[in-house]
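See below for the structure under consideration.
Letters A, B, C and D mark the chains as written, and numbering starts fresh at 1 in each.
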């Protein structure tokens, strides 16, 4: 047995950069949370504390701000690629860069006034091994909270000795969608692609008469792949936010799926992947 | 010295009730978080554990669900009044009821499909001492996050020995508004009133050329009072979410208020009240 | 009707200051979160944006750091008094100062190495109107999570038409205590007082055979007052963290209070005050 | 191109089970958060909504409670193995089970009275493919917050065009440790192993004169492996919780590492693995 260093990475997480750009009196606003992870020739820093291969995380933060000034912030996928490629290109000791970006949406209230929309958060996860190396772009969203008040059934499941759940032909189906989708290339119309993928997720959620949350999940992924040729793989994580119909019989009332208790924990958690089977998997693109 | 019981109250907090109502194939959805506090003849339960005067918090929760079924959920102010009056009327030991409700907004995606909007949370705080007694309705909102990318100055302030801040003629002004407003009566067009008050807050925030966040706060309260005759007092709590222009000079770049670092803590916190001076204060309405 | 400015205050919230002091090779560590609110002659800043009366919140933050250097950090009550008195004394426009401090506890692991304890957070809330004026000190704690696995009953309560709860002679009683206590003067042995008050809360919680959480709350407050002569009023806020015995009968098992489901929401919320009736109330000390 | 279902799993997350056991008048308390994920022959449920292969997540929750009653809760690793093996053994459609458990520690205050300790959370992640199949146990902890007030340097790093950080010979080093360690087998003295691994992490953090957080991380992993023969791989995730020495020169004061500002975001994030190179990797054990 020898004790050795295994996989490792480091970087500056959660740099909160806000970029204002001016179009005459009209301002535009971008609001990002940028997290960087770098890896490469990092044995010495772990084994002896020799930092000669280490670009400080403080410099990474500075780079985010400087690039926001120099290049502006276009689509977050492009901003992530710009940063990731820079880090790998700039230092021989840095072999791989990972840039994760969350973008918060704002709605315009005036020429230079904005209200945070509070709708889902748009995300991007970019990897680059530099020119000629492996690169990948995964786009996505979190906190897209959706609910169908009918059109959801659950029955025909296994009944073991610990099963007390009654089958149902009508229930609320609610979830907070975290979705990520891998692009076929590192070049796409990111903004239009995002809006299309988001629309597909919502359409499939609303349009699927659901016999299980797994079925809904699969239809959501399938719809994205079918409509978005630039996307080759979709990963979905969907908590089943249980809404229990309250038993009102003790108070002499029926409850035909009108009054529900929205529970916090525990919750079902459904995770699944839908992909084009002609494309090689890329495990490194996702983490 | 005698050790005695002072003010006290108890109740069920954060009952999460979701109400679906059907208009043919079209469903309507309401999503509330209801917290109840009752007080009255509660000496015995504290001093000896005699529960004869205590309506269990579990029964209060049941009442929320049963009332949602029996009466439906109209405006949250009305639902709060209904509950508060019920508790005081139903038990002689309960003299005062306080009902606090938060409502989460959903946007329609289909006849029975919804997306949580994520915009601000609407609130109501109702007190009732029962028929003939004191009653009050305070409406409000939380988590209304707004930002002006220009039109904000800060200068002419005190400079003491610990002051290093430079005056500025142009900065980002950003805050997460918590606003509450007291109504003159317990009868109003709550929904229209809410939309009008919300619009006034946004208009005044966007429209005020600000020399200080206090000035903006006052204009927001003033605009609500001026436009909403049914409202007699507005209380605002507004954290100053600092956005610091990043010094890019070390990288040979200027930064004419284009790139900002959005800080978490510490933050300024501005709290203030704007009111009609002809109306008596009502401290009990707010807590 | 005239629209006027009502009560208001402003300040820097949540300045996170960590103070290291050296005793040879042995270091001592203090870790605080300090929030300041000032009020006084602030009409102009609200009405016209004239900041001549305003000490910037940035200067308040600087003062926290400078005072930590100059005076060190003794007990948080004293540090709060020092800051509050300074602000009122330093500027004629500032008439009232409120300083709220939370302290995070660390346990020693070595001469200069520490582990955050994670036990409750100690708090202080200080008001000062300056020399000769009103002053008050409220100490306290939050997040003291306690549980009795027996010795708690609940029965004899009101049964109305919405009551389905069964009376019980044995249940889990669990809560997260937020306690605050007002001191008779602004001079006390704060550290010893804190440890004594904390011990009293724990002793009374553990030692009370409880017929209701209200009874337990009262005994906790009473024990603090009886043992701590320097304290004249205790306010407690205690959520009833419900632990429901799981019905295992469907699986052919009994459950004699052995297996519980710990619920999140809704929860009971019990709030109450215990005080020395010979001492005038001081509503301004608490908010 | 064919759109197909890829990797997927489902289960009940965050079942909060509390178990009381009685030793005469003395009670013992265990407080867990249990999350289950199952996978296997789940094509049909995704493609058509046929639930014939699906054990409801509600039944999984019931199983947690029933097993807590039937078997008691020993070490969380054993409880996880018991559950994981049960699910795979009980249904032919379930091929793989993953059980993740977090345990909250309580300190005794009396025979049946407890205070939540608030120290770190102990974790276990168990996989089982059933008898004869792959099994793994990963133990760990989260929220172990540690700080060294000296004995940390950072210099000799890369200086690129975006580097403004000054090298330092003395700084605070603080982090919130998330550690997980893989066991060589599924049979160990889990409780003693946990205490030893925890002690090793603390000892190495306190005892390493650090030239970089990476060096400290490696020493922590190394110390666990060297002292705990039952462990073959350690993964650590350690945010660098920056504490910045405040510049007090504007106030005529020096600051010899006495007064610090504890920042929230951004933060460095250091992730690394230390392992016995003679043992095959087991990527499936960790996710």
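Just so we're on the same page, contacts are C-beta pairs under 8 Å (C-beta built on N, C-alpha and C of every residue); 3 or more make two chains touch, one makes a residue touch a chain.
Quick caveat: nothing in here was measured; it's all calculated off a predicted structure.
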Label-sorted list of chains bordering both chain A and chain C is B, D
What is the chain whose Cα centroid lies farthest from the Cα centroid of chain C?
-> A
Between B-C and B-D, which chain pair is linked by more C-beta pairs in contact?
-> B-C
Can you check how far apart chain C and chain D are, centre to centre, with Cα atoms defining each centre and the answer in Å?
-> 31
Could you grab the centroid distance between chain B and chain C? Build each centroid from C-alpha atoms only and quote it in angstrom.
-> 23
Inter-centroid spacing, chain D versus chain B (mean Cα positions, whole Å) | 38
Per-residue overlap in chain B, given as positions that touch at least 2 other chains = 15-16, 62, 66, 162, 164, 250-251, 264-265
Touching residues (chain side chain B, partner chain C) in the complex = 1-16, 35, 37, 42, 45-59, 61-63, 66, 90-91, 93, 154-160, 162-165, 210-215, 217-218, 222, 225-226, 233, 239-240, 265-279, 281
Using the touch rule from the top, collect the residues of chain D that touch chain C in their complex.
-> 15-21, 27, 29, 31, 62, 65-66, 68-70, 106, 109-110, 112-120, 143-151, 172, 202, 205-207, 243, 246, 248, 250-251, 253, 255, 257-264
Parts of chain A lying in touch with chain C, wherever the complex brings them together | 161-162, 164, 250-251, 264-265
